[in-house]
Amino acid sequence: MSLSRVFEDGPALIPYLVAGDPTFEQSLAYVEALERGGADVIELGLPFSEPIAEGPTIQRAIVRSLEAGMTPRRYFEFVEALDVTVPLVCMTYYNLVYQYGESDGPASFVERAAETGIAGLVIPDLPAEEAGPLRSACDDYGLDLIFIVAPTTTDGRLERIRDQGSGYVYVQARLGTTGAREDVSDQTTETLTRLADWDVPRAVGFGIKTGKHAERIVRAGADGVIVGSALVDIVAEGHEQGNQTETVAAQLEAKARELDSGARAGRELSPTSGGPE
Amino acid sequence: MSTDSKFGEYGGQYVPEALMPALEELTDAYERYVLANEDGFLDEFRRRLRTFGGRPTPLQYAEQLSERYDREVYLKREDLLHGGAHKLNNALGQVLLAKYMGKERIIAETGAGQHGTATAMAAAHLNMPCEIYMGETDIARQRPNVFRMRINGSEVRPVTTGRGTLKEAISETMRDWAASVENTHYVIGSVVGPHPFPSMVRDFQAVISKEARTQVREETGQLPDAVLACAGGGSNTMGAFHHFVEDSEVSLYAVEAGGDSLNVDEDAGVAPNSASLATGAEGVLHGARTRLLQDSDGQILESHSVSAGLDYAGVGPELAYLVDNGRVTPATVDDEQALRAFHRLSQAEGIIPALETAHAFGFLEAAAGGRRDDNSESDSNGTTGNGDDELGDVVVVNVSGRGDKDLETVIEKTAAANLDVGPQMSLFRDLSRHGGTVE
Amino acid sequence: MSTDSKFGEYGGQYVPEALMPALEELTDAYERYVLANEDGFLDEFRRRLRTFGGRPTPLQYAEQLSERYDREVYLKREDLLHGGAHKLNNALGQVLLAKYMGKERIIAETGAGQHGTATAMAAAHLNMPCEIYMGETDIARQRPNVFRMRINGSEVRPVTTGRGTLKEAISETMRDWAASVENTHYVIGSVVGPHPFPSMVRDFQAVISKEARTQVREETGQLPDAVLACAGGGSNTMGAFHHFVEDSEVSLYAVEAGGDSLNVDEDAGVAPNSASLATGAEGVLHGARTRLLQDSDGQILESHSVSAGLDYAGVGPELAYLVDNGRVTPATVDDEQALRAFHRLSQAEGIIPALETAHAFGFLEAAAGGRRDDNSESDSNGTTGNGDDELGDVVVVNVSGRGDKDLETVIEKTAAANLDVGPQMSLFRDLSRHGGTVE
Amino acid sequence: MSLSRVFEDGPALIPYLVAGDPTFEQSLAYVEALERGGADVIELGLPFSEPIAEGPTIQRAIVRSLEAGMTPRRYFEFVEALDVTVPLVCMTYYNLVYQYGESDGPASFVERAAETGIAGLVIPDLPAEEAGPLRSACDDYGLDLIFIVAPTTTDGRLERIRDQGSGYVYVQARLGTTGAREDVSDQTTETLTRLADWDVPRAVGFGIKTGKHAERIVRAGADGVIVGSALVDIVAEGHEQGNQTETVAAQLEAKARELDSGARAGRELSPTSGGPE
């Protein structure tokens, strides 16, 4: 199924975690907890050694995962081992996609991703201009390719992104790298307005931390909320304090639930909907 | 000068979407100001390079080396540029461009600290606030340059991720840029990164080969047979090569850091060298497709070189392209050869080169037949590249920088490696600044 | 150029008999090679200054300083000379002359280490063995220069007598020369010592004013109203002044180190400054009659300055003469003003000056009316010299050298004096080269 | 009396010490001991802060004396306090001569020296060319002005020195600064030959250490031997080991005697004398 279908059913909660953080086994439990908490799609990071688009929280998660032995091959095993039913989106950097397998280009990666049931890809260092080969591979294997739209994205570029993207569009809520922040940016509303006539759903990420944030974002017109650092923080804290896997999983589930209800509350007040569904 | 964003398959713009508009804006500014000299940008740039930077730099006939190698060796003296390295050509160009673009803040990464110092100097000169990201390993090994940046009024931001060298510093600066792109220009320090940086930095550095080509003809009545330059990111290489690329009779040698060894330890994620041209493979790093040091999964390896300025896992896309198509010959020189070359040039010519630069001289020595008097003494182990004597009669070596920043490192490493080349330092090495006595 | 051995009553040859023949031989060589260009000496000298040294050095319009002082400030960039100071002009000239004279060994004294490094570089360049005498206090406070001399292949001989600064190093080098005069040339580092050194060193350094005079006319269509240079022994001063001496409309300011204070502690035998022109008296030191820091008996005082290169109890006889006859105005700038000027130039213009050089900029600031915007802020205490604003509209400041050698000293002294001018260094100051981490 | 008269009576022993080394009182005793040991003239150093013609031994003596408070004024008091009958020669540097007293030039110094009975001056940093004013002052007050002739001195300069000098000529035995050395230089013989027709006596110094040296020097034609560092070494050793003043004085006397008999033995074999007088 195309990822956009997920959004038909009310505002989507799209949590993000780094696969294998802090260990393969713990991470499985954490990702599964997200589904229980109400995730509609899960973005699953495949760690790259040079994560130029991430803030410190996710950088540290990436280091933990890499140090625990995560590789692209292990990542796909991880996906296969996961017991979730919601669609998964793989988030990683282009060099890993490009180098994978025997193909001279991204095809082997996409093939293997499709095989494990991954529904889409987000590659933050691959702008629409360079995305041709990956776009075709995704088409060949039925994957969505999700692009990010930033507050700085020009109108000209918006068109290119609209052409290349599918599944949903990832709306970057503000400038900067990923990382949880207190307030919600004005830039978000503006970008959402610019995307008003797109036919893919618009999921907003970067800096969403609480149910209240999620509510406001959805109220501003988002079709989904993407939450990364706020969840990775929980994993990090659990790791540092040596907490039980179940405890951390329960915290993640609770956080997801908070975000999910926030988002749903937002929809009730959203300009695009008359009221509760 | 060209506005192509690709060199064959290399190059391109692999950056987060937030930066793409900045790259478009920069490409536009590059085309207008740098390529079309709008508002007299190039005139101002050249004037400032002359009066503030000290251009033109001389092309010096190296008497002792010429005798040693029985060929005419000429030195392009970028070490005499303000700040002590070719880096100012680019830093001044970019900071000035940022001014023309109306930017209000400068950020930059630095490895050896030479690009950082050059940027700090250019920013002070042009009255722009400036912040420099530097890996903490590099901060520790290039201390004088940290002081210089601070004294010029720049902030220095230690980068603690990874091994804390240039690679991490670039990543971190890109992160800052992604958050600050509207009022900030990122002055990248070499011919790397997304388009238009590789072309633009090359154009700013091309003054080296422009001058050298004229100078060598004035001196010898001919073009050189070979041009040698060390390659980290490749900016001094591309600067020294650019105006010779069309001269097919001129051989071009890019000398990379062979480090400890050319073998890679995949498990540790470490390449004990920085030889992306010689041993790397195609991939995408820091915004460009190019040749990289990476493991079979595509994870970037930690590079190594005794010289901080060469210690980088990638290389400029244009240089990778010129190597692939055979126009440029890659070579490597290991840490020990570089140290030996450092002492050789210092003692024979009275020029203390940067450790980066010393690699180019290491290759001059190691090239078979390089030494006229005694081939058996030639330390040709640990070198790759041109085996037979193709260097020819007239060789230009680009002295990309001076070695003041490397004194402590060289003294330490020379002693540690027990090399027979350096001066006895025992009397002075442990001399405390505070104690104030030698016995 | 002149062959007079005296400047009024100053100058002469007050040396042990054993050295007199060497001075005769040197005077002869000076007259033949330097004054009459025999065997094309001057042509070779100029060529080497160009290709090895990097001449001509630019004359740079200093934008920020010009705005600050509301006059046109031009910088003569001797800091861009190979080695980082004007010193090479002289060292290269003398080592080359020694070669023409058939000498086989070079000795020199050094204070800041700049003359020593310049001599070591020139000696390596011209393939001459070289030994440098340096006081142990200076060895401790100018460590990077010690390393540079050693790396260029020179021996460094610590001098432990007295306070271990320049004065003692000169005495010790004279002693060596008295024993080795037949095959050795003593490359004295400033316009001091017995004839023909003051004239010869001035002639080698006069290229500064020769270039600057032409350059400033090209830029402004006129001669400058004032030329400023710091004065230790006085070689950069004389070099910067020489071709302006006949231009009576150009004011010439020699800025000495005011150190801690201009008062002398006779009992301790210490002058806490190096202001021989401002506070010294006529006497005989190191081969010449000139103005000296001495007690009432004629014993030479220990001088002091934060800058090792100015820390000398004497001054060149010609400069003393020009001050006596009113052609040159002496001024002093104390340690704190020099430190402030060091930071000011670094931050405002992106040029890190030598601490010696910073004294010239300290005077530019302190000259009454020097600052356009706010006179009350002007740190005019501790300065002597020109009280009213005679500097005029076009001022040339000689940037005698770069400050890389002074980084540690400046950081330490700025912190110790609790000055509000320097950058915060706490994060970087105690950074160990070995530890390799900043937190 | 002119100093040259001293040499009429056989080869002259001319020892040198720094006045006030290591203290005023000890130094008085040491200088007096030299006379007992056979000194014919005594060269008495007035310490200058920049002794550019001295080797390390005498440099250190100068530091000791300066640290013990020696000044030009004290020096003359020292001379007045001395109980010796042989002529004294003051050895110092020109700046002290020049600065002394009220005169603008060397006159005050020479006047005071004459007053204390000093017979001559040696100023190692004052070559004949610059010696005009001092020469006239010495003439005015009846002092000899002794010049040094070095192995490197050219014929042209020899003439100038011959014109300006009086008392005796100080023949520098070798290149270098002062300091005791083991062997006797060939350069000495050569210089002595060049001075053969001078009518002032020729005293040789620099490096003479033992009776044997003195003997050979005199045999080579010298009219006198000047000995500095070998004696200053004894003072230094006595000072470092804290020996009694009398002990050190006795050593100095013995050393002087050794040198004196060496010189006399040399004269018996000298080319200029037929045999013992």
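By written order: A, B, C and D. Residues from 1 in each chain.
One rule holds for everything that comes next: contacts are C-beta pairs under 8 Å (C-beta built on N, C-alpha and C of every residue); 3 or more make two chains touch, one makes a residue touch a chain.
For clarity, every value in this text was computed on a predicted model and none was experimentally measured.
With each centre defined as the average position of its C-alpha atoms, the distance from subunit A to subunit B rounds to 38 Å. If each chain is reduced to the centroid of its CA atoms, subunit A and subunit D end up 96 Å from each other.
Per-chain CA centroids place subunit A at a distance of 65 Å from subunit C.
Here the CA centre of subunit B is 33 Å from the CA centre of subunit C.
Chain contacts here run in a simple line, from one end chain through to the other with no loop closing.
Pairs of chains in mutual contact: A-B, B-C, C-D.
Residues of subunit A touching subunit B in their complex: 48-55, 59, 63, 66, 71-73, 93-96, 98-100, 124-127, 129-130, 147-154, 157, 161, 172, 175-177. Within the complex, the subunit B residues that touch subunit C are 50-52, 54, 57-61, 63-64, 77, 79-82, 84, 120-127, 136-137, 139-141, 143-144, 146-148, 150-153, 156, 158, 160, 343, 346-352, 403-404, 407-408, 410-411, 422-425, 427-428, 431-438. Here subunit C touches subunit D in the complex through residues 12-18, 20-22, 24, 161-162, 167, 171, 174-175, 178-182, 269, 283-287, 292, 294, 296-300, going by the rule given at the top.
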